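What follows is a pair of complexes built around chain A, which joins chain B in one and chain C in the other.
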Partner chain A sequence: MTGAFLGLLRRDLRLSLRQGGDVGLVIGFFVLAVLLFPFGVGPEPELLGRIAAGIIWVAALLAAVLSLDRLFAADHADGGLDLIALSAMPLELAVLAKAAAHWLTTGLPLTLISPLLAVLVDLDAAAIPVLMLGLLLGTPALSLFGAIAAALTLGARRPGVLVSLLVLPLYLPPLIFGAGAVEATLTADGGRAHLLLLGALTLAALPLAPLATAAALRQALD
Partner chain B sequence: MLTRLANPARFMRVSGAALPWLGAGTAVVLAVGLVWSLAIAPPDYQQGETVRIMFLHVPAAWMALSVYLFIAVASAVALVWRHPLAEIAAQAAAPVGAAFTLVCLATGSLWGRPMWGAWWVWDARLTSVLVLFFLYLGYIALVNAFDDRSRGARAGSLLALVGIVNLPIIKFSVDWWNTLHQPASVVRVGGPSIATSMLLPLLVMASGFALLFGWMLVLRMRTALNERKVEALRLYGHAARVDASPDGAIAAGRPALR
Partner chain C sequence: MSASVAASIAIDDELVGEDLACRRGERLVFAGLDCRLAAGGALLLTGSNGSGKSSLLRLLATLLTPAAGQLWWAGAPVAADRTRYRAMIDYVGHLDATKAALTARETLGFWAALRGTARPDIDAALDRFGLGAVADWPCRWLSAGQRRRLALARLVAAPAPVWLLDEPTAALDSDGEVRLVAAIADHRAGGGRVALATHQPIALPGAVPIVLDDFAASPGDALATLW
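Let's turn to the complex of A and B:
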């Protein structure tokens, strides 16, 4: 099982790194979305710093949503998903492998590049570690919840907009706690409670999201 | 009884007989409830006459939550037991539930302006109900996004079950967070804390809203079943015409009937 899991993970990573545009597009969109805000709300450091955490988290969310369609659609189109479903590996494990590959090519680069963007939007330097830790804890949940929405919309007309609508209720808790952790660090007792809840969300998503995603994939493959 | 009604033809007969009674019952209960709540119930000692918005807002909120629970249960029944009418019931209920949620949000906003001074606040209860509204819209969009109707129905069933986690969040949001929205006054440990003179018209309005939902649900389910009948007849009629005409047979790739 471990061999199959790692094999699928390696395959997905290799595919997305070969089409180098995928990771680059996600990071590029993330940076562009964040950069638009100083032009929109004005460059005052106090104002920008106040909303910086929210800007970065919203941009991370949007970048994650944009990249969801490459999770299952390509494999579904060329029949690879049928083979994965027919293999001895449980479909839930395959979903976990694909979500892990998605996180490694989306959530992790976003987390690593966030300090640079935090400086650009005048986030208080004391809060950057909390921002990074929050993104590190929360982005796996984004990949897992996104997998549910991506699987539900396989084969739909215009799946892009539909995925955003479906994934919005599931993405709100990580957003609230992630941005709230930074805010609590700067103004209140600290973001520990928020970060713990973020971690709890990811841990809850780890077993539950693959269950829902695999059920949705089985329906799509019928 | 659910299994007896699984036969669409029997469901059409039973619902056709029940529909006028449901409609009449809705009209009577709603009329009694409206007169009672708008004219007879006492004004609040703090809020005055504005409290009468409660008699629309609270039943609409109760229905918004109950209809989503109904959709989730119907989806589970469809997925587990493959009841033929469960998916139709869920899809018929969704726009009604979305409408109840919209009424809840709108009446709440109209009530909040004089009471809190704001049309909208981002507190836990209002945000989670807004999320419920988007869950309804997402469900309707997902079901209609597929060319294959049964695929859309199954995907929608899964989405409804995934979104069920929002319901306890809405119910307990006023306990878990520091919210502007008032805490529970009716369904709470220790019984209702609201005066009986207001509780009774509230319950009558709630029953009226529930009957309204039942009436609309049956009406929409009957319409959906008739739509499918029309579609099937159209397809069958087209196939029969193709078979009968000599050109049609050639077009269908078979030797012409002689």
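Let's turn to the complex of A and C:
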């Protein structure tokens, strides 16, 4: 069963990397979205620095949504989802493997380049470790919640738009605690409580999201 | 295994569909369908477009839940332990489940690993369907017929007692069809069984024919008016 899990994870990673662009597109979107803000709100360092964490988190959410509609749609369209459902591995585990692959190709690279963007939008250097830790703890929840929406919209006519409408409300808690952690660090309250809550969100999503997603997938296959 | 043991297994592990009905959306596709598939046996599903051949195969594969009736495997209801039953079936639907960016070898290796097949002989399976020369080509370079062969090679790479094949000869050339017929004959000779839906004549000696049109639900059917 571990073999099947790792096999699916490895295949999805290989597909994203080989179909080039996939990872690059998400990162490119993330960088551009963040860079739009200095042009929109003006380049004053104080103003930008204060909203920097919010900008980066919002851009990360949107970048994560961007790639969600492909999470199950490709396998659904080519019949692969039938075979995954028929495999010895529980569907919940297959969902977990696909969500993990999604995180490794979106959440993780976004986390890794976030310090660079933080500098571009004048975030206080002292807050960068907290921003990164927050993204590291929170982005898995984005992939897991996203899987639910991606499964629910299988077979819909405009899945991309529908996924965003479904999933963005679910992304509010990670956004609040993620941006809040940075804010709290800068005001000397310490971001510990926010980071713990982010971790709790991901831990709660880890078993619950695959259950909900698998139920939605079964519905889509029937 | 002695002949008598083999015979007793053959009786015990029959796949039986009892009074099956299938509903797609609000339409009752077929109803009152009985079928039996013993070791070495074959079912040949025919019928007009939309008569429910694919639906019956998906139902036998547990991908659809019957609107009425029940599936039995080895004397026990399939619904009671679907995981055990699913390990017994190989389903090749009308979609090929290939990815443009993966090679034929990678595709087959992945699906065999997902079935939990220990040490699958990928090369032998590819050769069996004449894909040895294109094993390391990405699937985007393969023709429709070659992708079909690759889907069928799953049957050999990850063997299971029950093969459920939906239009397996679609897009296949005559060589491909010969290879498929040979693979099915070998499978049945080894006690395997096959349910196959097709529009084209195919050599399937001793197959039990099921004409899906015979089970089309009349509009006045109790189930049909339920929804």
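Going forward, the second predicted complex is superposed on the first by the 221 of 222 C-alpha atoms of A that agree within 3 Å, B and C clash if a C-alpha of one lies under 4 Å from a C-alpha of the other, contacts with A are read in each partner's own complex, and residues count from 1 in each chain.
Rule of thumb we're sticking to: a contact is a pair of C-beta atoms (placed from the backbone, for glycine too) under 8 Å apart; a residue touches a chain by one contact, two chains touch by 3 or more.
Since the model is a prediction, treat every value here as computed from it, not as a measurement.
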With everything superposed onto chain A, say whether chain B and chain C fit together or clash. fit
Going by the contact rule set out at the top, does A:I148 touch chain B (first), chain C (second), both, or neither? first
In the overlay of the two complexes, what angle sits at the CA centre of chain A between those of chain B and chain C, given in steps of 10 degrees? 80
Per the contact definition in the header, classify A:G42: touching chain B only (first), chain C only (second), both, or neither. neither
Scan A:L172 for contacts with chain B and chain C and give back first, second, both or neither. first
After superposition on chain A, the shortest CA separation from chain B to chain C (Å): 6
Overlap of chain C and chain B interfaces on chain A (superposed complexes): 222
Once bound in the complex, which stretches of chain A touch chain C? 1, 3-4, 7-8, 11, 14-15, 18-19, 74-75, 77-80, 82-89, 221-222
Report the residues of chain C in contact with chain A in the complex, numbered from low to high. 58, 61-65, 83, 86-87, 89, 91, 93-102, 106, 110-111, 113-116
Touching chain B in the complex: which residues of chain A? 148, 152-153, 155-159, 162, 165-166, 168-170, 172, 212, 215-216, 219-220, 222
Okay, in this complex, where on chain B does chain A touch? 127, 131, 134-135, 137-138, 141-142, 145-148, 151-152, 154-155, 158-159, 161-163, 166
